[in-house]
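Got a structure for you, questions after.
Labels run A, B, C and D following the written order; every chain starts at residue 1.
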Amino acid sequence: MAGNSIGHVLKLTSFGESHGAALGGVLDGYPSGIWIDQDLILAEMARRRPGSSRFSTQRQEADKTEILSGVFEGRSTGTPIGFIIRNSDQHSKDYDALKDVYRPSHADYAYHQRYSIVDHRGGGRSSGRESAVRVMAGALAKMYLREKGITVNAGIRCIGSVRDTGTVFNTGTPGPVPALDPTFIPAFEAEIDKARMALDSVGGVVECRIGNVPAGLGDPVYDKLSADLAKAMFSIGAVKGFEIGDGFSLAGMLGSQANDQMEMDGARPSFITNHSGGIQGGLSNGEQIILRVAFKPTPSISQVQHTVNASGQDTELVIKGRHDPCIVPRAVVVVEAMAALTIADHLLMRDGYGKA
Amino acid sequence: MAGNSIGHVLKLTSFGESHGAALGGVLDGYPSGIWIDQDLILAEMARRRPGSSRFSTQRQEADKTEILSGVFEGRSTGTPIGFIIRNSDQHSKDYDALKDVYRPSHADYAYHQRYSIVDHRGGGRSSGRESAVRVMAGALAKMYLREKGITVNAGIRCIGSVRDTGTVFNTGTPGPVPALDPTFIPAFEAEIDKARMALDSVGGVVECRIGNVPAGLGDPVYDKLSADLAKAMFSIGAVKGFEIGDGFSLAGMLGSQANDQMEMDGARPSFITNHSGGIQGGLSNGEQIILRVAFKPTPSISQVQHTVNASGQDTELVIKGRHDPCIVPRAVVVVEAMAALTIADHLLMRDGYGKA
Amino acid sequence: MAGNSIGHVLKLTSFGESHGAALGGVLDGYPSGIWIDQDLILAEMARRRPGSSRFSTQRQEADKTEILSGVFEGRSTGTPIGFIIRNSDQHSKDYDALKDVYRPSHADYAYHQRYSIVDHRGGGRSSGRESAVRVMAGALAKMYLREKGITVNAGIRCIGSVRDTGTVFNTGTPGPVPALDPTFIPAFEAEIDKARMALDSVGGVVECRIGNVPAGLGDPVYDKLSADLAKAMFSIGAVKGFEIGDGFSLAGMLGSQANDQMEMDGARPSFITNHSGGIQGGLSNGEQIILRVAFKPTPSISQVQHTVNASGQDTELVIKGRHDPCIVPRAVVVVEAMAALTIADHLLMRDGYGKA
Amino acid sequence: MAGNSIGHVLKLTSFGESHGAALGGVLDGYPSGIWIDQDLILAEMARRRPGSSRFSTQRQEADKTEILSGVFEGRSTGTPIGFIIRNSDQHSKDYDALKDVYRPSHADYAYHQRYSIVDHRGGGRSSGRESAVRVMAGALAKMYLREKGITVNAGIRCIGSVRDTGTVFNTGTPGPVPALDPTFIPAFEAEIDKARMALDSVGGVVECRIGNVPAGLGDPVYDKLSADLAKAMFSIGAVKGFEIGDGFSLAGMLGSQANDQMEMDGARPSFITNHSGGIQGGLSNGEQIILRVAFKPTPSISQVQHTVNASGQDTELVIKGRHDPCIVPRAVVVVEAMAALTIADHLLMRDGYGKA
């Protein structure tokens, strides 16, 4: 079954393994006439690129994207945009020892059950490296959304035991650990350093907000905007939780606390509160869309772990190679990318290709 | 855009409004030769049926399902199973006052923006009544899974401020409030009663476990089993949060705590822990799949609320009619249904129609 | 696999067997605000209804359609339109003798290989009776196209050896054998009568023209408008050939003969000829779309035929029951329905749901 | 709308323009463990490659395919196979004069209406060069089918006025004009030469046969095997007609002539004739699948033609550049490719990924 595409009318198809020749994607259904902003592509790819700080893997990849089609004289033509990202700094030998050993909480065991043949090098198809394709496609989606005035921003709300339960939403902070509240940066960095030095890893939570989404986007029942966002976020590696608006907290509330009452704001209906996170009945209601995504700790750690191998023997394992002690900082732009693709998809369903 | 279907090769298409002639569905891709267990259909529909206790709406509906196709001499034929559920106890007049008023935290405002024309009676298409279609289709999915030895069970983990943080998983308790730990039943009921008597409503959390799922189910990258479960659950009305395994808690853990190490269990590889909730890298790993779904409080409450109407005027609103003070008890079987449909879909992708 | 839906954003899902309780369909993605013209539904269903002349089967079916959802106060709401058509005049006993015998050139043998269990009565799911669902959905599509000024008409070009090679396109002729050139009616009727009296059947060709289609409809490469029309027509039972414009004749022509040169028609670009049949490069070019569909003779004939049974024995067969000596007259409206659905689907892809 | 993918569970996504950097494709859902036969890829690409005889365009392209993913140690891994084909011999300047002129019977006018922005060089996305992607994917599909014993072969039945109405099916003849009956080669070549020397072009018919297809492949009603074949063939550029088995001739036949009676062939049910072309009721019946595809003459001719330009002016046009006087010889392998992809897709629907 072909599970490497996502989107209804704006469809991203992805391919590529961590240590193969290249990763790449095809973004189909992209509207014609959009100015392709190469600077935005470079900037977005840089946000995800490995090796740029001690908080990420030391694998060095330029992550240069080459667009092969769908762009003519600087603008999109409406035909599919194919692009590739060559791999360059594979240390495939690092993975020889792992060929037949199932790394705990990695996809290894399940992939062997699913495919029989697995490119084990660097995680193969299940590698987080696939997210480079998402970031590239997300950058294209953002160019389109920008023309519609729609903004997509994300940052870190939690690293391990350090939780920012506030509502400061500052996405302009530079640096390798993009906390939404900059006062949390030292604590977040310390949490990652602590894990890193213990040869361990740590998880976290990313919050994303989407602004200026028109009301009425989404399809009823199964293709709710919220359902498509849930799928898009859960398609990212290491994601184990997702919520919209007040999310799980809403389960603990009364209707009188949770309901977003309305009032006229001049000639415009508006909501007094936004517990719903901008989505009601599965459709956007014109308020800011707010969502949070929970990431588990990177399963690759350099401590001794017990596991089994493909021959059915118990064994001990110490994972060598280059790993992220915390995937969350690099995941921020991936969350934005999936959000941008989902919103652009639903916008194009509403407007069709004739209006774009 | 057509957003009323879900599933890849086992596809449910749904139709119907709360106060229309009937709701119904088409389950396409269902394997041939499955014995259609009418008792299971009756039992499942009864679990969702309104009017059966003080914890649910007093609308009386027999929710009798009529199968119109796809079954011959008691067995499925492999052709689409069409079914309808007639509506009988509509009090459409109750909704006349609501025709042009946007009920807070309901779909009303967004639906008007989306469709212009809205059948406002009883929530129309956005009514929770649509879930009857899911329960019927879920019952069919369960019959198929039963033949494969796969079990799907759910129950309540939280109602409002009462949280069961334990791991007791007892789904055999009879009664209108199916708590997973029966000792929580009095507290859950009290929480609902308190909201009901205050003309208010309350939310909660449902936990679902799927047993005996073979390892290797799911598609990589976008159609991960976890992503499809996330979409299926978020397609249910009032859902605002979803997690798999330890979910959001994993964000606060170290890799050394979160990783599920493996060991041989005789000749079978097995996992020592199950923080992952049965899914790794988006594929089932053979362990029990564990997921939790957060429901917001029913937005229909009988207190005075501030809102606006379709003419752009501020107004006060007191919702009359029959409402669930807490949707969670009736949602349990809906969560199971969506889980069963998703697992069956992925199983059929693996096996094709030729093996079924 | 779920193969009972067609369309990209306007999606028809169909269910039902010839001798089951009912056939039905769900038309999803239909725009809101369209006036549902019950008279058009009745008129279209009457064109396909069996038993109305000696040229069709004598099965008597009212073919009354009941709309169950998606329509409110006479207009479509944008939610899925579910409808059913009850079966009433099944003579299931007629088919007892056929239960385990494969009727030549019917689907019987292939269906047994595909499904193991087959509802054999009246052809079950493979019955031409399923086309009633298409006609109903086609009537709905036509109401939408009518508001856009688009016309869809078809008629008969050939019955057996009687071929109308002209270009008269008169679809207003009343009567059971809707020839495009009325002067052919007697010959067509005679050809059917000759087959009928010989206990035989006969095939034919339907031509369909679609007017006022805007230029630029269709998607490049795989979802060409022509490709989607080809699929839609070949999804009709008994279809064995399809062509657009001059079709197979173009294979025998030179480019200088086949090319449609252009000229300005006032301020509007226009085509001097229309060998292409309104589609170039897979997209509509603004000219009339012209297509032809070839139907094989009804495989049910009352002559002795040699065949085999499910036990693997040679046997002789004389098919009893009520059959169409020629399916072509009743297929005319089915061809129109599939054309209307395809064009409406592509129009809605262009315009989105927000414009409808 | 995203119309650059085809297939249900074996899905090909295509991208690239005639004069862009590269064309490419992603074949998703391909089973794991298939030996990737590089020689077959080279051989198939050579059959379509331009510039190899006087019967095709003189554009010189190596058409070297680079596989970027999905293959490990010589075998497919089950993950998507991404591949690219670099363009090298673009003469983009040849097309400067055509930038704003609509070439008769090309996609130009419709594409301008559809996209506003068009890469006009060499036909851009509507170029026949896109078929290189199909041939590459088709070669992969054939490797899979070969392991199942299924054969796919095609050749020429007609060029212009020269028609081979026989049934000789010899696909082993070497040379640039692969006639099914080798005795037709001189006449076919003369027909192309005549057109070429008259600065004209000519059409033709390709016949394809698929052997050893198991009975029961296909989905009922809309996703009939015949309907999917029709769509696949009509998605090829320049196709204007398609038929299965006796096709249009069946419209002129009686049921008693057209029906394929059955008899036991030892223990195996078999068909005495094959007018149906291996498909009945939309499903394969185990007999050889036979289909024919009609191609119009290449619309690029070097004679003076009347047309209009984007400014709305009448103009004369003489197309320069390098064109195929007859596309049919190079289209043979494209027809095979689309047939192979369609059959492999349906086989994988039957078997699922778990059996592959």
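We take it that contacts are C-beta pairs under 8 Å (C-beta built on N, C-alpha and C of every residue); 3 or more make two chains touch, one makes a residue touch a chain.
Only a predicted model underlies this, so the values are computations on that prediction, with no experimental measurement involved.
Visitor: On a CA-centroid basis, which chain has its centre farthest from subunit D's?
Guide: If we average the C-alpha coordinates per chain, B ends up farthest from subunit D.
Visitor: Suppose you list every residue number at the subunit A-subunit B interface; are over half of them used by both chains (same) or under half (different)?
Guide: Same-residue interface.
Visitor: As a quick test, compute the distance in whole Å between the mean CA positions of subunit A and subunit C.
Guide: 45
Visitor: On a C-alpha centroid basis, what's the spacing between subunit A and subunit B, in Å?
Guide: 26
Visitor: How many Å are there between the centre of subunit A and the centre of subunit D, using C-alpha atoms for each centre?
Guide: Using C-alpha averages as centres, the distance is 38 Å.
Visitor: Which subunit A residues touch at least two other chains?
Guide: Within subunit A, residues 1-5, 9, 14, 79, 114-115, 125, 220, 349-350, 352-353 contact more than one other chain.
Visitor: Once bound in the complex, which stretches of subunit D touch subunit C?
Guide: By the definition above, subunit D touches subunit C via 1-6, 8-9, 12, 14, 102, 104-115, 125-126, 130, 158, 160-161, 163, 195, 198, 200-205, 214-224, 226-235, 237, 239-248, 250-264, 267, 269, 272, 275-277, 279-286, 294-301, 303, 305-308, 312-314, 349-350.
Visitor: Contact residues on subunit A for subunit C in the complex?
Guide: Listed in rising order, the residues of subunit A that touch subunit C are 9, 79, 220, 348-355.
Visitor: Please give the residue numbers of subunit C that touch subunit B in the complex, ascending.
Guide: 1-5, 7, 9-11, 13-17, 20-24, 26, 28-29, 32-33, 66-70, 72, 75-82, 84, 114-119, 124-125, 352-353
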